[in-house]
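Here chain A shows up in two complexes: once beside chain B, once beside chain C.
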Partner chain A sequence: MRIKPATLLRHGILIAFSAAILLPLLWVLRVSLTDKLTAYKIPPEIGHLSFDNFIEVFTRFDFSLWFANSFGIALATTAISLPAATMMAYAAARYRTGGAPLLVTVLASQMLPPIVLVLPLFLLVTTMVPIGGRAAITLAHVAVNLPFMAWMMVSFFEGETKQLEEAARAEGATRWQAFRLITVPVAMPGILAAGLLGFILSWNEFLYALILSTSKSQTLSVGLASMETQAGVNIAPLAAATLLGLAPVLILLPFLQKYLIKGLSLGALK
Partner chain B sequence: MQTRIEAADQRFGWMLSAPGLMLLGAVIGFPIAWALFTSLFDYTLIMPSYDNFVGLDNYVTALGDKEFGHAAWVTLTFVAAIVVVEFSIGFLVALMLNSTERGRGIYYIILLCPLLMNPVVVGLIWRMLLHPTLGIVNYLLGLVGLGPVNWLGDPTNAFITVVLVDVWHQVSFMIVLLLAGLSALPREPYEAARVEGASTLQSFWHITLPLMRPVIVVTLLIRVIFAIKTYDIIYIMTRGGPGDATDLISYFIYRRAFVGLNLGEACALAGLLLAVIVAMTAYLHRVMRKV
Partner chain C sequence: MASIELRSVSKAYDGGVHAVRDIDLSIADGEFMIFLGPSGCGKSTTLRMIAGLETATAGDILIGGERVNDLDPAKRDISIVFQNYALFPHMSVRKNLSFGLRLKGTPRAEIERRIGHVSKMMGIDELLDRRPSQLSGGQRQRVALGRALVREPQAFLLDEPLSNLDAKLRAVMRTELIKLHQRLGTTMVHVTHDQVEAMTMGERICIMKDGEVVQVGAPLEVYTNPADTFVAGFLATPSMNLMPARLEADGDGLAIHLAAGTIAVPEPFRAAYAPYAGQAIIAGMRPEDFHEKPAEAGPFGQLVETTIETVEALGPETILTLSQPGGTAFAARVSAAGTSRAGDKIRLTYDAGKLHLFDPRTTKRIARPLSV
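On to the complex of A and B.
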């Protein structure tokens, strides 16, 4: 069997590209699994396998607190945003509620630079409504997630279940019943995907969490960012911590693949 | 009769939208109104009061501020650099993937990895790898007789480094969207072109590019808007430095507010940034409706 030069070139480029993405991550994995002394050695040495760094992350740093905060905030954000976004997207798709102005508003909300919103939110929690760090961050993340989810889901509801709904309405179902009992179950995979992507958005968010958190409400992003200053260039535990922070997202990735394009292209592409 | 059903439809639509709209008003509308209100006062974190109304003075100060001009310029060059590099690499890889069958799934899942990664983690990882003395990158360069490079210590290097790290993180965004566009292209024009004896390059130039135009425009617009907001990677990797070499606009506003403590002016700057983003979003929406 002969391989064409064009095919060879194509795979060459793709393999080089994949390596550029994977090798840095594999190196971080390698650093996280060696003992501290080996991690610093240049030229690198092959040390023995050790899980000390992963243990240290939990014992010397507040990692479990950061993790729990991020998880709780992301979960609360999604729980608040997803139902509201689903209903809003459905209304915009089926009943044209709000028309183009509402759609542009939602899109612009999604594009909003966090720095614009974080200033008044900071004023809000420091002067007017003294709510705790976690609640404040959750509200800020709703501002990110709600428009993202709503915009992504509008296209889910366009057309697809219309006939089923009309049949249900002819049988005497109310508009709410048609939505609740027909549309939502049919669109459920997409709704869940929007929820998971929203969860990840909140999980990864940094600026709001940085400004609005107190020492007790630090999220994973904020905690990881503080690790470097706390521990100097303590790369071995840092490597372990970054991998632990990535784990939930990388685990979710295969499930999201199908919906990623719609989420990333803001619904413009299918 | 028809109108009564329509009125009921409308009512139902607004009822469904109400929770979302109220939330948006509370977490976005109201805070933005407050920021714009604050931008009209001499409000600092040292003297936090609304006693001193200054009208548009903060905007005038901001627009005349040399540092602001510098931050805007750095942002412009940063956005231009990452979009050009990401688009070039992204389009190349998307084209390669589009004409590949074997291994396509594996390549695809690999390139998705950085995409959903926390920017803070990306910044930390690359700081680790690019450490001037302890980093693996300088060691590997040393093996082939190059370096050591002071990746983040020198103004020009730091700017390029931040661009490259952002490219590593975000290039897959371009690939995923362009690939989606490519795989939706019709096959007939290519077959016709082959019959006519067109070269691969010719069919790329005369068929692929024109057909891909709407997808390319939407992809670039979304990327540009997101690139303008870049903050996390700057905070982690350079804090806007060395000097002010990587002082992107979001980081500049952050410094004005929380280091300079001048919240009035920071709010004015945020208002200006908001105007730019809203204008670009309105344009994006017009383009998207045509895709």
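On to the complex of A and C.
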């Protein structure tokens, strides 16, 4: 079978991009399984493989604490922002609350460099909750994620769900009942996708967590950064910790993809 | 059951655009009323205002004699069936049917009894545990109707419920809806742009155009006496031939001068049409009022000679397009037996007793004695 040049080119480009994404991850995997000395060797050497680094992460560093902090904060952020974002998106879609300017503003806020928001967020958050606690980081994450999640969900509440809601209201449901019993369940895949994305955003967030945390409330991303010390980089344990930190995201991604597609095809159901 | 009354109801949008303007209409208790009109004429908006899904910007809406303008749709005790059925996709058919009753807190035994009754009546008792996505278009339609029926509301509002079905199924559902109405005797308001549905289903038709009511009446009454050229051209297929003409005095009588020839105005109409003598008018002639046998055309039959442009054999009947030198072609509906072919000369007899004249300035029908 002859392969067409166009196909070859297409696959060539895709392979190059895949390699660009996969190689660093494979590099990290290799480093996490070797010792400090072989880690930096070029060309890369596999050498003696062991899980020592993964054990060291838990014994020498506070990995469990960081992981627990990240997980708790991401979960709390999602739990708070998802219901609020759902209602905000619903209001924007159904009642044109704020109109187009509100939605554009929400989108624009996502385009600001995060560093711009650090100072105002710091001041705002510290007036509400004690500085350095997990609550402070959660609050900052809610402030950043909620508008984005709401913006993402607006389209899920347009089209089909509107008519279903009208049917429900004619059947005797109040607006709230129609929202709760019809709109939310029907838009659930989209809502779940937004929730998962919110969780992942909070899990990966570094800047606000760095500014607002103490050693007790450090998240994983901040913790990983702290492994690069003035005394040198603990490259092998860092690689191991990075991989462990990726795990929840890797587990959630397939679900995110599934729900996102379902959510986006909401309008297609009859 | 209840009557529905609209008093000077209008719906205007922010930009000052009127979707519906000043509608007065009363629908009797138990009546089957059709809202007919082209898309964008305001018929669906009117229905949605009755349902409470849109608010009227002026006027009063009464259901069962009670003003419901400010009443939530939930409290109006009406059911609405949508064009795309709007079945709740995350619920089984059973849950869809019982939704309204569950909200009202109807006892479970009563819900079961009603679902059993309605699902049998609609032939969906085998489908109760399925999801809407597992149903065919016709089945969804039945479930949507069943959901409306099961609550035993005061009135049914049907928003083009048949237009997503294929032609055969549509005909079946049309008959079923008529039967359903006969059995239940509940007030029904049915919105459609299909004039066949309108003619066959309704006890009365309300024809709308550009947000206003043009004519309200029984199907045959609207067919035989269209209020203006819009109604004349909208009902029946092929629709009434509307041809520009002149009305002239002709000795003692009156004659209509068409591009194709002259038609004498029957004596009983003369007095009514006399004031328009010497003026341009629009002559309305239904295709079915042209006959091949002169005897079928009644006492006012008049010969028309012309050439056939096209022949559409539909089976039970044949539609001829006839040329009119210097004017627009017109249609005639004749029996299927004919052997006419395009290009042939043909002699037809027109029943001038069914002639309508319209004023070209107002497009309104010029009144004449109703029957001759």
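The rule is simple: the second predicted complex is superposed on the first by the 224 of 270 C-alpha atoms of A that agree within 3 Å, B and C clash if a C-alpha of one lies under 4 Å from a C-alpha of the other, contacts with A are read in each partner's own complex, and residues count from 1 in each chain.
Methods note: a contact is a pair of C-beta atoms (placed from the backbone, for glycine too) under 8 Å apart; a residue touches a chain by one contact, two chains touch by 3 or more.
Everything numeric in this text was worked out from a predicted model, so none of it was measured.
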{"item": "First, second, both or neither for A:135, with chain B first and chain C second", "value": "neither"}
{"item": "Partner chain in contact with A:40 - chain B first, chain C second, else both or neither", "value": "first"}
{"item": "Chain B versus chain C as contact partner of A:65, first or second or both or neither", "value": "neither"}
{"item": "Which of chain B and chain C A:75 touches, first, second, both or neither", "value": "neither"}
{"item": "First, second, both or neither for A:192, with chain B first and chain C second", "value": "neither"}
{"item": "First (chain B), second (chain C), both or neither touched by A:167", "value": "second"}
{"item": "Chain B and chain C contact sites that coincide on chain A, given as residue numbers", "value": "269-270"}
{"item": "Residue numbers on chain A that touch chain B, as the complex places them", "value": "10-11, 13-14, 17-18, 20-22, 24-25, 27-28, 31, 40, 42-44, 80-81, 83-85, 87-88, 90-92, 94-98, 100, 102-109, 111-117, 119-124, 127, 139-140, 142-143, 146-147, 150, 175-176, 179, 200, 203-204, 206-207, 210-211, 220-221, 224-225, 227-228, 233, 235, 238-239, 242, 245-246, 249-250, 252-254, 256-257, 260-261, 264-270"}
{"item": "Footprint of chain A on chain B - complex, ascending", "value": "8-10, 12-14, 16-17, 19-21, 23-24, 26-28, 31-32, 34-35, 38, 48, 89, 92-93, 96-97, 99-100, 103, 106-121, 124-129, 131, 133-134, 136, 139, 168, 172-173, 176-177, 180-181, 184, 215, 218-219, 222, 225-226, 228-229, 231-232, 235-236, 250, 253-254, 257-258, 263, 266-267, 270-271, 273-274, 277-278, 280-282, 284-285, 288, 291"}
{"item": "Interface residues, chain C side, partner chain A - complex", "value": "51-53, 72-74, 78-80, 82, 84-90, 99-100, 103-104, 132-133, 140, 147, 151, 157"}
{"item": "Chain A residues within the chain C interface of the complex", "value": "163-164, 166-174, 177, 181-182, 185-186, 188, 269-270"}
